[in-house]
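The two complexes that follow have subunit A in common; it is paired with subunit B in the first and with subunit C in the second.
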Partner chain A sequence: MAPKKSKKSKKEESMIDFVEEEVTGDVDEDDFEEAQEQEIELTDEKLQELLEKYEASKSAATKTKDDFKHLPKSQRGKALKKALRKDKRSRQEERSKIREELGESAPQKEVPKTIESMREYDATMVDEQDDEVEHDEANDEFAPYFNRETSPKVMITMTPKAKITTFKFCFELQKCIPNSEMFTRKNVLLKTIIEQAKEREFTDLLVVHEDRKKPNGIIFCHLPEGPTAYFKINSLTFTQDLKKFGESTAHFPEVILNNFNTRLGHNIARMLACLFPHDPKFTGRRVVTFHNQRDYIFFRHHRYEFKKEGTKAALLELGPRFTLRLKWLQKGTFDAKWGEFEWVLKRHEMETSRRRFFL
Partner chain B sequence: MDCYVGATTGALKGALLKDNTFENLNEIKSLDPKSDEITSMIWNDDQQTEILIARMNRDLQLFDIEQGEQVSILTVSAGTGPVKGLHKSDEKIVTCVESGEIQVWNDKSEVISEWKCGPGAAVMRGSNEKPEIVTGGMKNLLKTWNLETGQQIWSSRNVPPDMLGLEIPIMVTDARFIPGQHTILEANKHHEMRLYDPRAQRRPVKRIPFMENPIMCTSLTYRTNQILAANSIGEMGLFDLRSKIHPMCKFKGQSGSIRGIDGHPTQPLAASVGIDRFLRVHDLQSRKLIHKIYCKTRLNRVLLRDELSILNEKKSGAKKEIDEDETDYGNMTEDGYRPADSEDDDVIEEDDVWGSMDKVKKGGKKTDDVEILEEVKGTRKRRESVKEEVMEEEAPKKKILKKKKKN
Partner chain C sequence: MQCDDVTWNILHKGQCSYKAWSKPKMFCRNEMNLTGLCNRASCPLANSQYATVREENGVCYLYAKVVERSHYPRRLWEKTKLSKDMNKALEQISDQLLHWSEYVRHKCKARLIRIHQYLIRMRKMAVRGNQKKLIPIGRKVERREKRREEKALVAAKLDHAIEKELLARLKQGTYGDVYNFRQEAFEQMLENTEKELEVEQEVEQDDPDTGETQFVADFDSSDDEEDMEDGGGDGHWSPDATDSENEDDWQPEQEEEDEDDEDDEGEEGDEPMEIEEPPKKKVKKEVKKKKAAAAADGKKKKLKKRARVEIEYEEEVEPRQRVKA
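Coming up: the complex of A and B.
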């Protein structure tokens, strides 16, 4: 729902701008004066009244649960909800009418209070013109990729004795990530796999974990120096289960990384970017999206198509959908027992506020 | 500046706790983390005006706090790997590198003596009381060395094999002398700390487990018997070396591995840094996080100054608190731990109690009870029992009467 809303509001804003431009462009000097006079009249008499009305409409009386006493108990809740929705709609309409009357001097539209917009202050939010962070990032483990010294080569493997859904998931991943190879685990230790992968010059290792025959976690290990991250997989939908889906192509995809704003988020975004080759083939019109919302990273894979001379785009989903949640980030290659952790999600210690996010 | 922090990028940062800000003390853009990473950092003198810094490329630098200047003094020549430990005693600098070569330098940057402590060294620390150093590391048992002769004084022995008869690997991460107690504390990756007494035996006299992740570093605090330890997922605990309950408390707030802690020698404060890029200062008495500074890069080492900007307002209050605590502790004095009174003293005091009890019987009221309290300064248990009697007011008199009759 959230993205839809934002789109709507944006549209409205742009419409308003458009109208304003028209008005200011066409008005002659005399007309302009008249208009000004009209406006003055508005400010003198009506404006205050309208503004008051506007404020009053916000706090207009609504239906309460006492109004539905005549209904049987099982229907009261539903009826109340319906009535409240109706009230809200009517208040909105009233306000929009007043806005039209007020014209330019209308009060600013209120931004909806969501959990994200009321997010707690985070000191690690990355400023774009920060020399120190820039220096740090220029020297971290992903720097060779961003300096175009290495090109990604990805190894995908899974838990020993993986079941069919996990294999299916790995195949889907292989389809999304170009230049990736899939291997069955065959009871080899992860640390030996890492050594072998380093020898064969792989740059990333993905290990899919499963529980109750379904993939539930994924380890991202950047080679040769780390770091390693563990993600929980949520709400996985395979391509075949989508309502409408397309067939993926071999073109290099574009990668969209949304909302990774903190220092930790930056690191994770850089890590995810390292999975995909440098120059996307724009002819393929393939997009892979990692969208971070409230610390959950949504993975989507689309093909886009421009319509009406590039003003609109249509999307065709290509394949799988899943959500990732970061559990820990470890320095160096995989070593869960002796390794050093850069960040660990401590559930009861850290999750004391709903409005605190880490990515 | 209250706190000096060494980062993995090679930046040296000075943090001002009063304002919750930090400042870089050297040029960042010219740094190369592969050669400039700060691996060790100690105070060069007791007045805390100079810092001795060891870099990844084994350069030793002297940082003057007042002038803000950095001077290279020497480059460690022997062995391979980064400098794992620094120690300064009587104008001599002791360095230890990862491959185990220990070198003693004089003030003209010349090697006086050199010896090996075995490969895989992870820590080398000196003692303030005697000319000794302690070393340890991966597959490298804890050993103490005489600084003047370079001879090994004592070496520890590994703990007995586990229940399956398998040898327990040696993974020392931190070691230090406990001042005034002749003991050595070791932290290792088996999430436990071991306390050695070289006078008694080669195996640890005490093993203190802590959570489930490798312990990365330890620190002394303002009390001789209390130490701080932190592990690789950012759990920090306060321990009392005498008690059986471990830990005394856990400190909250860290989210990543802690690389360095520094406790204040006289105040209940401790600063900790780690690769989660934060400098945190905790109050050891209230156990609360009092300062949290985001330093932008992964941090390796921290040094806390004795004179802090936050202390001036706080001083009087903090001191009182300590006094209260001291009386509560009973055996804890300013000089350190005072052993419990011997049994003979107890007997004498018991007599005193019975002597003073007569007064109560004669009709003395509260004031007499207070006198009794003052006279009885024995062990904690006894004091408490007397307190209880005082609390009950009426009841104790009857009890005393009964006891008298028995006598």
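Coming up: the complex of A and C.
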């Protein structure tokens, strides 16, 4: 209370008009507190009892492995596990009952500790309204796209002598990304391709790599001078292999970019956003999602429909699904030898903890 | 000391660690081999007079061994650096191996040419700069990544996340006019309820009339009063006023419905009354006459008259005819 009062005294000095109101407010609070105290006093002993009970039911398991000595050794473990599970459930119910009894004064429910919530602190985490970041983003390579100076035009190509699955994947990509053209590589160097693409005013270049006849990586190069990223492709499922799928349409899709929080993540998200044209056609109800979870970027392609007066959205999957994992990010266009790497995934240095993420 | 035939016999028929069995020919793994084949002429172990060409770091050397130095294993091979120019190198070889067998000389030259070819190709590839770099894939790392990906996928709850984002956008108004769930629907609802309220009020206004019709027993006595009321009503329904097209759409419909209902009720109700009270029949007959007279008028009028007729008070009203006349 002491610091509060000091603040108020300062306020009193500065603004005399509000003093009365504040004083009345104070009085109200005091009354309220008194009332609360009375309540607490009334049920104090019972409350303590209940709280103790609550804590006890949280920690103690009532079964141990000694309870199952009558069983043969091979069955003991299973039986113990089953009993413990049952025990846990019963204790949960007990706690919920105590919680009901306690009402408002119940202790806070514990938040489950997930990998996400326990994530290690990253210094480059981007807040909203960060002037420095905003300034950076206003002047980076993607700024022309976001200022609507350029409209995206994407070139898709693959490794020389690509096999059929890679072609299939490229076709699917072409379906997802409007304004994209596919070219076979024909053993042309990547650097010359980049030059040619620049001449023809492409804004992005995608190169699909393959290994053992299956696409396993994708180079993503923003043109004319933008950064280059290499993603690994995991768990690729083609449209035809999905359990239920719809036909894609030619409408410009919306883009959802979820969970890109750090500075690097922002960059990647902006890069991915650059693939798709401005002004999505909302009547097409197509949506392309890049969802980042624990540094894995999940790609999904859906058609949605709002139901129940806009309280629910039904989804129908359209395109392929795959997972991307960033391996490196390079300034400038592709240059494996002399390029300046902004970020490279180094296993031994960087994967020190499972709760450390970079995107 | 050197018995090449004996050596060859042993190697060929027995054990030779350089032999590489592969169909259709047998190869030799000895790096000094001139042709790479396993046969009597090109076996570096079973020939005491032998020559070959080797490339070391892009430079070609001619290696030759003669039987005279065979007791000095350390100095067995005579190594001559060959010129970078292939033609000169070929000349060098033919000079060096002047009195050697045609087979060795020829094969050395062939080997030199082959080496030059692959050197040229190597240089070209280096200049072109599309060399591939092979990177090993850690099996364990791969497995771990896959496992973590599965877990991440479960934690992501993708469909839920996407749905949430879409609904957030809908709330934000990103979609503009495409959907009219929220505000517009609400406004429409408001308007509808207002209309309904009005309708209800008007219906309530009608109700007392219907209520009056049901009090049948009072008819004769109350006729006069009702006449008065209906006189006012007739004024309403005079030809000018009866064309109620300008009024709201919902009103006529509802009225008509109401009136139809009333028709049935009225008629049903009337019959028992008639038995009790003969004068009513007269009334009805009069009404029919009126109807015939009014048949000349428009259908709308007819309808409305009919409606009024069945309320019965109107029909009794004679003044209406007078008005029309």
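Definition applied: the second predicted complex is superposed on the first by the 291 of 359 C-alpha atoms of A that agree within 3 Å, B and C clash if a C-alpha of one lies under 4 Å from a C-alpha of the other, contacts with A are read in each partner's own complex, and residues count from 1 in each chain.
Here is the rule we go by: a residue touches a chain if its C-beta (ideal position, glycine included) is under 8 Å from a C-beta of that chain, and two chains touch if they have at least 3 such contacts.
Keep in mind that what you see is a predicted model, and the values were worked out from it rather than measured.
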item: Clash or fit, subunit B versus subunit C on superposed subunit A; value: fit
item: First, second, both or neither for A:Lys198, with subunit B first and subunit C second; value: neither
item: Touched partner set for A:Thr124, first subunit B, second subunit C, both or neither; value: first
item: Touched partner set for A:Thr323, first subunit B, second subunit C, both or neither; value: second
item: Which superposed partner A:Arg347 touches (first subunit B, second subunit C, both, neither); value: second
item: Contacts of A:Phe306 with subunit B and subunit C, given as first, second, both or neither; value: second
item: Touching partner for A:His135 - first (subunit B), second (subunit C), both, neither; value: first
item: Partner chain(s) touched by A:Arg91 [first = subunit B, second = subunit C, both, neither]; value: neither
item: Contacts of A:Asn258 with subunit B and subunit C, given as first, second, both or neither; value: second
item: Greater residue coverage of subunit A in the superposed arrangement, subunit B or subunit C; value: C
item: Superposition-derived minimum Cα distance between subunit C and subunit B (Å); value: 5
item: Residues of subunit A that touch subunit C when the two form their complex; value: 114-116, 189-191, 234-235, 254, 256, 258, 282-283, 287, 289, 291, 293-296, 298, 300, 302, 304, 306, 309-313, 315, 323, 325, 336, 347, 354
item: Touch list for subunit A against partner subunit B, complex; value: 123-124, 130-133, 135-136, 139, 263, 331, 338-344, 346, 349-350
item: Subunit C residues within the subunit A interface of the complex; value: 128-130, 133, 141, 145-146, 148-149, 151-153, 155-156, 158-159, 161-163, 165-167, 169-170, 174-176, 178-179, 181-182, 185
item: Touching residues on subunit B, where the partner in the complex is subunit A; value: 9, 11, 24, 28-29, 31-34, 171, 189, 213-214, 216, 232-234, 252, 255-257, 275-277, 292, 294, 296-298
